[in-house]
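Below are two complexes that have chain A in common, paired first with chain B and then with chain C.
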Partner chain A sequence: MNELIQRSTDVNKQLSRYGVKFGIYKNNVFEERLFPFDTIPRILSAQEFAFLEKGLAQRVTALNLFLNDVYGKKQIISDAVIPEDFVYLSSGYLPQCEGLAPPKGISSHISGIDLVQSKNGDWYILEDNLRIPSGASYPLIARSLCRKCSPETFRKNRITDNRNYGQLLRSVMDYVNTGGLNVILTPGRFNAAYFEHSYLAEQSGAVLAESGDLYVENSQLFYRTNRGGERVGAIYRRISDEYLDPLCFLPDSLIGIPNLMTAYRAGTVAVLNAPGNGVADDKGIYYFVPKMIRYYLHEEPILRNAPTYLPFYEEDLRFVLDRLSSLVIKDVAEAGGYGVIFGRDLTKEALDTLKSAIVAEPRRFIAQEVIDFLDLPVMEDNQRVDRKADLRAFVLTGDSVTVWPSGLTRFSRDPESFVVNSSQGGGFKDTWVMSR
Partner chain B sequence: MGYVSLSKTNRLFWLGRYSERVYTTIAYMIQRYDELIDSSELFDYTSYCVRLGIPCIYSDVEDFCRRYLFDKGDGNSIITSADHMLGNGMTLRETIHSTTLAYLQMACTAVELANTSSSPCVELQWALDDIMAFRGSFDDTVDDEETRNITKCGAALERLNLYLRFSYPRDTVHRQLCRLVNRLYKTSLTTRPEALAVLTDCLHGSGEIDEKTLLNGVETLFIL
Partner chain C sequence: MKRLSFQYTISIVFEWPVADHAFLLRCLPPSLPGQRILDVCLSLFPCVPYALQRDAFGNLIELGRICAPHDSFTYGVTGSALMDGTPTEPEPLFPVYRFPSAYTRPDCALSEFGRSLPLTGSPAEMSLQLAQAVHGLFTYTPGITGVKTTAARAFSLRQGVCQDYTHVFLALARLRGIPARYVSGLLTGEGSSHAWAEIYDGERWMGVDPTHCRPADDSYIRFNVGRDFDDCAMERGVFHGGASQSQSVASRVTEQ
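Let's turn to the complex of A and B:
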């Protein structure tokens, strides 16, 4: 591995050559930045990955069952496993999706599950991302470039090949395809994850399209070509639910496709991931995922949640208010590392303000124990330093549930910070799964 | 043609135009840089702006060389054209493939490096090499003939436009005109009949057509 680390400059030059970037809006100006890459990989043993694989597949299976249930019969609510408040007050719950059955019964085709490893080696689920989780393209291209720069490293180590993500994605799209093209819908070049959209289109053989390229006619989705319309059978949309169809959601959306939901409702096109998934990856619902696993699968959860308290419950509210300074508080409406507050960083006045906010809107917050993440080594100015890191695992659900044998390891570049998001300056690593 | 949308047709065309514009204008500026070693009076940048049809916002020849090449805030600068070239390429990744797109990325990086170099022509030469490599890779990677011809039509149109603006010799213009018109029929690009008539008349007709009429025909040829 040392040889790979010595080749860091070459690897980063290659990443620059291929334009491996992410976009960010700073003061309302769009900037593209190279995503800082660290060549020291996160290494998962075959045994460790097998454990994670089993736990992740179990979790995503339960989440898919929950989504079908919550927009269908709602047994989990009538059996009082999840309070209805947590479903119907969730910003991710879409009444427009009531009664909708997605093709082949799959709602979350591409799930991004964020995990952290504590210092004692235990893994915890930090959050589920079932809407449009991004990041797979980065370790995917980084692996190819690292192999180019340091072939010896990959000759000497038995690393499971991760370069099949495009084929996995394609097989999921093909499985749910109702007859027609596979399309990846992007909001356009000035989206933060545009590199990923275009790279995944290339890797999966799908057509990259913007909203103007697509139209609905007779409840069917078509791709506009200069030889007429080509029917679309599966659309992997990389835009948020609320912008997807201006006739169904936000009427002023310019990046959506009018009547897409009509086609989806008619069953003529598969939408990946299904609209309405936000109800299942809501930070409040996260608390209930272990209960979902027991309820739907009659199994004990293999992977643990970080210890979480819901101020919605009176008992938890008292506990949270008492121990606020030692907990991490998350605003359920925020994402991307925003709305995460460490009680220990707050002044007495700020703690009091937060307490009042929690009492006023208990459903809006969750509180978690601070997990002391396992630090991972990162090269900085030719020195190894330790930084906080998480792992986003990708779980693809088609004919079967497949956990991609890799993942996006994100790390904080600030030694004091637990926040690893790229939008807040974080970098990334490849994730190696050893084949034995 | 494969599954290429109308908007992609547009981008393929503009990819051709911008790549040609960047290539030709960099090549031109490399020559001017050389002349400027001997005298700053040899290069009439105001006349260059007039011919190109861009506003002359530059205070002197030095300001022109710096801003026309490297000012991202100048919508007519070469670096802005390079950014448009890359932007069109990026939206076509799955059509032209990452290997081809990488040459556009490298050309843009070379232009940016030239901005901070004391010998900018060395880096600018790399940009030209990268665009040439892009053309080769594009030809080699994109299987669909019509797709290739759309981009080549864009490039041929831009070259012809620049040649006419800079009063290149008649036979050079004629050669480019032949290349453009021959490609036209291999694409489904929509043309304006009256503009096409000017071009074909110039190629095959007996009467002389003045440069201004021909330039107007070139500029209004396509409906996109």
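Let's turn to the complex of A and C:
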């Protein structure tokens, strides 16, 4: 592995040649940044991965059942497991999706589940990403470049190959495909994850398309070719729900496909991931995921949530107000590492302001215990330093539920920061799952 | 019991020809308890095929696409309805009608006003008191508000048209715990489409018209329901071409 670490500059040079970039908007200006790669991998033993695999598959299975239920019979609400406020006031809940039955009953085909490991080795779920989780392409391409730069490392270590992500994605698309092309819909090259869209299209053999390449006619989705329209059977869209169809959601969207939702409702095309999934990865709904697992699967959750309090409940509200300075507070409406507040960083006045905000709108916030993350070693100026890191695991649901034997390990470059998110300027690592 | 014949035509004229025009219409009234559609005919110009579907709120939608360049788009509906006075049937509540929506989310002023209203009696009685309050507050003024005006904005203006009356009514009703929804349709004696509200009394939906301050009776033909105007818009379209557009509406409902 030392050889690989020495080749760090080479690997990063290769990554930038391949255009492995991350675009961010800062003060409304689009900036493309290289996503710094650290060659020291996160290593998961076969045994540890097997444990995570079981827990993640269980969680995603329950989340898929919840999505079908919430846009269908709503039994989990009528059985009072989840208060209806948390569903209908969630910004991810889309009434336009009521009564929709996704092909093969799958709503979350590609799920990105974020985990952290605490110092004592326990794993905790940090959040679920069921809309359009990005990031699989980074460890995927990093692995193949590392193999080129240091083949020796991969001969000596027994690492499970992760280069099958494209095939996994393809088999999920094929499974839900209603008869036609597999398409990946990108908003275009100015999107933060454009590299990923094009790379995944290449890896999965899907057609990379922008909205102008697609149209809906007679309740069917077509891809424009010089021989006329070709039917699309599955569309992995990398556009968020509100921009997906200007005739159903935001009318000003220029990157969506008019009437896509009617084709979807007619059952003529599979949309990955299903619109409306945001209701299940809402920070408020997160609290209820362990309850969902018990409710739908009659099993005990294998993986734990970080200890979470809902100010919505009177008892939790009092507790949160009492202990605010030691908790982390999250605004349920924000994503990408924004709206995360550590009580201990706040002044007396700021704490009071936050308290009154929580009292005024308790539904808007969740509070969590701060988890003491296990630090991972990172090379910085030829020195090993320890940094906070998390793990995004990718769970693919098609014919069966598969956890990709790898994942995106992100680390914070700021030693003081507990927020690990690529939108906040961190770096990434490969995640090795050992084969035994 | 009465028999109404209705006619509703919208013409959109584009300054320059547009192409690749995808549209979604909600301009066919469904048969409902109390409202039996005897015959209905939709005509489109340019004449293109359209598909029929129901949306998540149960409304009929007609969707299609005009590929060739065109400088106008007209859709017209004619038909007749038998309004037999049958009360609406009990049905379960779709809970979204309890919560604020994009157009009806109250601001501080509207919430304060809503909380200050003394409402008494059954939901039906309360809804009429609310309609009175909105009616008393507003001066009917066309041209001040537009299709994107929210309830909060209309409330601050104290002026507007049926859409604004209805949005403010919905905001207040939901604030006071009465599930309520937006209805778009036609009304005898009006020259364009009309909007009013329905409230849920715990069992069934009942129409109330805040603009005219009265219950919605058998002279109201229901087309669409939803959380607010956005769910009930009779027409939505996107096309290629940067043309500005003007729209004319002609509508007539007469008793036969």
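As a convention for this text, the second predicted complex is superposed on the first by the 436 of 436 C-alpha atoms of A that agree within 3 Å, B and C clash if a C-alpha of one lies under 4 Å from a C-alpha of the other, contacts with A are read in each partner's own complex, and residues count from 1 in each chain.
Keep in mind that, in the parts below, a contact is a pair of C-beta atoms (placed from the backbone, for glycine too) under 8 Å apart; a residue touches a chain by one contact, two chains touch by 3 or more.
Computed from a predicted model, the values in this text were never measured in an experiment.
A.B. asks: Would chain B and chain C fit next to each other on chain A once aligned, or clash?
C.D. replies: Fit.
A.B. asks: When the two structures are overlaid on chain A, which partner does A:Glu202 contact: first (chain B), second (chain C), both, or neither?
C.D. replies: first
A.B. asks: Classify the contacts of A:Glu230 with the two partner chains as first (chain B alone), second (chain C alone), both, or neither.
C.D. replies: Only chain B; A:Glu230 stays clear of chain C.
A.B. asks: For the superposed arrangement, I'd like the angle with vertex at the C-alpha centre of chain A and ends at chain B and chain C, nearest 10 degrees.
C.D. replies: 90
A.B. asks: Check whether A:Tyr18 is in contact with chain B, with chain C, with both or with neither, and answer first, second, both or neither.
C.D. replies: first
A.B. asks: Going by the contact rule set out at the top, does A:Gln383 touch chain B (first), chain C (second), both, or neither?
C.D. replies: neither
A.B. asks: Kindly classify A:Ser219 by the partners it touches after superposition: chain B alone (first), chain C alone (second), both, or neither?
C.D. replies: In the superposition, A:Ser219 touches chain C alone.
A.B. asks: Tell me the contact category for A:Asn2 with respect to chain B and chain C: first, second, both or neither.
C.D. replies: neither
A.B. asks: What does the superposition give for the shortest Cα distance from chain B to chain C, in Å?
C.D. replies: Once the two complexes are overlaid, chain B and chain C approach no closer than 14 Å between C-alpha atoms.
A.B. asks: Name, in rising order, each residue of chain A that touches chain C in their complex.
C.D. replies: 77, 84, 88-89, 95-100, 215-219, 246-248, 251, 258-259, 262, 265-266
A.B. asks: Looking at the complex, which residues from chain A come into contact with chain B?
C.D. replies: Residues of chain A touching chain B: 16-19, 181, 188-189, 194-195, 198-199, 201-202, 205-210, 212-213, 223-227, 230.
A.B. asks: Help me check something: in the complex, which residues belonging to chain C touch chain A?
C.D. replies: 20, 22-24, 49, 51, 53, 55-57, 61, 63-65, 94-96, 98-99, 227, 231, 236-238
A.B. asks: Touching residues of chain B toward chain A in the complex: what are they?
C.D. replies: 1, 3-9, 86-87, 90-91, 93-94, 97-98, 101-102, 105-106, 109, 188
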